[in-house]
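In the two complexes below, chain A is the common chain; its partner is chain B in one and chain C in the other.
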Partner chain A sequence: MTDSFFLSLAQTSMFELLAPTPPGWGGNLVRGFINSIGIGVGAFALGLLIGIGGAFGKLYGGPVRRDLLQVYTTLIRAVPELVLILLIYFAVPDLINRLLDTLGYGRIDVSGPMAGIVALGFVQGAYATEVLRGAILAVPQGQIEAGRAFGMNPTMLMRRITMPAMLPFAIPGLANLWLVAFKGTALLAVVGFNELTLETRQAAGTTKAYFTFFMAAGVLYLLLTLISNVLIGRVEHWARRGRQPIAESR
Partner chain B sequence: MAYFTTVAANCRPFARLDPHRVVLIVIGLVLITAAAVFMRWDWLADYYMLAIAGLWRSIWILIVTCVFGFVLALPLGLAQVVGPSWLSLPAKAFCTVIRGTPLLLQIWLLYYGLGSLFPQYPWIRESDIWPLVRQAWPYAVLALTLSFAGYVGEVMRGAFAGVPSGQLEAGRAFGMNRWKLFRRVWLPQAIHKALPTLAGETVMQLKSTPLVATITVVDLYAVSARVRQDTLVIYEPLLLLALTYMVLTGLLVWIFSRIEARIPVRVG
Partner chain C sequence: MTATIMAIPRHAVTDTAAEAIHVQDLHKKFGALHVLKGVSLSARDGDVVAIIGGSGSGKSTLLRCINCLENPTSGVIRVNGEEIRLKPDGNGSTLPADRKQIERVRSRLGMVFQSFNLWTHMTLIENVIEVPVHVLGVKREMAIIEAEKLLARVGLLEKRHVYPAFLSGGQQQRGAIARALAVQPRVMLFDEPTSSLDPELIGEVLGVIGDLAREGRTMILVTHEMKFAREVATRVVFLHEGRVEEEGSPDAIFGSPKSERLQQFIRRVG
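On to the complex of A and B.
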């Protein structure tokens, strides 16, 4: 088993295969990796925007808005991401073009990355809504009331009190979501978008060095996860400044 | 409780039939009826047998991978809590790698990578496992099992560590040996603590099963993809698929809530 494993690594030298210039496929992998990061960041940002709106809507909105948001978060979280991505990936460009047609404008071409960001971001939004709602509820509500009593308008209240106060509670959940978003970009391989996983599969399929390339891609994903964890730890430390350390945290 | 006046609206008893809810339900019903009437469902007659077989395969994969994954997760969690470093470090590394890479990549690594290694060995080609490793589903089951084990291993680490040491000491004081202590005290309490998280992980696992369709296992998702290819009907199979997964998720949540309800909880 191990013999042939190393044999298959050594068949054409691993470094030759992973070289960044065309005979090697390293350049393609790096390009896919950058695409993945871009989509992941975009989807996470969109999800965060939807999440902020959703969380505030769920807590302070009227009954209709609250129920609609409940339906949104429940449905999205009950359906596999892959199915949602396919639905949104096909439906959104189609709907936009039908809308433009009826309005009398010409059709537009929705780019792959854009559709991917919208699809993943829409899914992320449902999870982010729940994370942020929980974080806002974890803030001692007297602080928010005090802000209101000082006559702050809702925007200033959100900017000066709610956001900074909820951040330490939200960061663990949001960190998780960021990693889910980044790993979720792999699903776009199924709809044919050239992110890391699909680039890897193409390289592996062409050279037949499956282990080399999938391992290399795994290392790239893992590297970004580990680096993210370190950075998130710093951000969390910063967001918790001035607070007592939680006793049961490790 | 006086602090929580701003969220009092959330805590009010769940009024099932406010007027606006009736309107929303009516709108929902109208949408569903419109979908049933105006969209194309004529393909259902040809494919429903295939769909039921696919549904059964999805559920079967879910159950098998969850059971095996959980069994594998117990030593992973335990090793990280009490194991010596030569056990706990590999366990931690395994969980980190599994949780740090996309499941799709893991599935493809096993299917294409491992699958391309086996044919090189004559003795495998001649042995009894050859028909097995030529099919796709063993790789799907293996990948999903390892993935579940990685995620749940991390959950069980926290659960094992969270059982109060007094409980274990009490068990030891009763003269229980290690195995009995684990079986009667440590494991049940850890599972009890982790049950809500385990429910979430199981739902996640259900939502991961469609990925096996990418390596030619014909599960429910693969059936809908085939309908799309054969009939060029895009949205209807996907919508029905989404509905089916919603029902399955609801079922899982309900089952876990029943299990949780069986465990008596003392409210202090």
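On to the complex of A and C.
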């Protein structure tokens, strides 16, 4: 009884199902995986850019900019990502196209990947703003003051002192954000973008080999996380140069 | 009180030497707290001005106003004859009117902080070349040659590739002095440079500062080290509750203090 159960789970044809070329579905999964990585990297990069601008704006900007950023981070963090994705994928292009129509221009098409990057990047940006703001606040004031005292202008101060000094405080939060960005790409399945989750669902639905395909997808997600951890560890080690090793400072 | 110099200079500060720092009627308020209540101060080239006074007398604030790390509420500040242009900030205080000007002025003032403030993500030599290379536009190779000379001078050449976190407080402060010297400062500003050091490390830092004083560098030194101030200063300014209570030569200030406050202060810090 149990033997046959596991046998059916293991599905002797697993390797055939996951073969990289049709009739195997492995190729589709890998394509989805690569798409997911692409969107994840794009969204994370966009989020990082927004976050840098947002954090410095919130800390050093004028009252108007600070308030606008507060509205942005509050709204974006309040609304579920899925809603934002649907909004940016369906509602925003519709709005733009109506505007373009009235102005007499042709309509635009928002591509799935672009909408995905923008939607996820916007969400990422709100969280990154807060992560980086916290990291900047953790930089000892004397570090920044020393830069000012020697005549650095605000741009140089940010580039040469504040950014490198805050990095060790930002990396754990940013690492979280990267993993969230990558996993968030699964949400794009709802708008029909061929990322890993949608490819998996299609493969599983067609072959009825749900267990095999969703396990395979899980392994791919895990694989990326493990690789990410190694890379993040290296970046963190580099960013913490000049600090006492963590183990010794305990 | 007039700002005439009563000191008998320890080294050749002539009456005709240019005025490096000129502060006139400086006020600084932090909210309701009136920290500086009309302070005037002058340092000519080659002067070593020691600012002494009790805790909360405003001596650090005065020093920090000179390079606008604190914006004065009102007053005039001239560095090398150039008046720092201030504009109202809308809250009854001032801001530097010209960011470029204040950056240029700052880049030739060598500031040494109480808590060293070496940049932790840079090695010692990277700290020393940072401002010459990135602010003053010195070629990196040249800056390194200069930095090595300065680090050798403060006895830290062999530590040049070490990060600040791995240095003692005294070493960090000597490194910070090298960083300040690297900008070829017209004036060195010391803000209680030994106050956060362990007692046994104070000597090595005072030794370096004393050498600089003896070679005729213009310095303004906020300090609690009275014996040291008496040794190296050409002039001592005693601040009390935001005002210059008394100023004069080290011998006059420490040997025959006139005001009662100064007499009390000297008895107390002995």
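In the analysis below, the second predicted complex is superposed on the first by the 233 of 250 C-alpha atoms of A that agree within 3 Å, B and C clash if a C-alpha of one lies under 4 Å from a C-alpha of the other, contacts with A are read in each partner's own complex, and residues count from 1 in each chain.
Operating definition for what follows: a contact is a pair of C-beta atoms (placed from the backbone, for glycine too) under 8 Å apart; a residue touches a chain by one contact, two chains touch by 3 or more.
Note that the structure is predicted; figures quoted are calculated from it, not measured.
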item: Which of chain B and chain C A:Leu222 touches, first, second, both or neither; value: first
item: First (chain B), second (chain C), both or neither touched by A:Glu145; value: both
item: Contacts of A:Arg31 with chain B and chain C, given as first, second, both or neither; value: neither
item: Touching partner for A:Leu59 - first (chain B), second (chain C), both, neither; value: first
item: Touching partner for A:Leu137 - first (chain B), second (chain C), both, neither; value: first
item: Partner chain(s) touched by A:Pro164 [first = chain B, second = chain C, both, neither]; value: second
item: Superposed model, chain A: greater residue contact from chain B or chain C; value: B
item: Overlap of the chain B and chain C footprints on chain A, listed as residue numbers; value: 140, 142, 145
item: Chain C residues within the chain A interface of the complex; value: 67, 69, 99, 102-109, 111, 113, 115-123, 130-131, 134-135, 163-166, 179, 183
item: Chain B to chain A touching residues, read off their complex; value: 3-7, 10, 18, 20-21, 24, 96-97, 99-106, 108-109, 112-113, 116-117, 120-121, 203, 206-211, 214, 221, 234-235, 238-239, 241-242, 245-246, 249-250
item: Chain C partner contacts - residues on chain A that touch it in the complex; value: 140, 142-143, 145-153, 156, 160-161, 164-165, 167, 241-244
item: Chain B contact footprint on chain A (complex, rising order); value: 1, 4-5, 8, 59-60, 63-64, 67-68, 71, 75, 78-84, 86-87, 90-91, 137, 140-142, 144-145, 179, 183-187, 189-190, 197, 200-201, 204-205, 208, 210-211, 214-215, 217-218, 221-222, 225-226
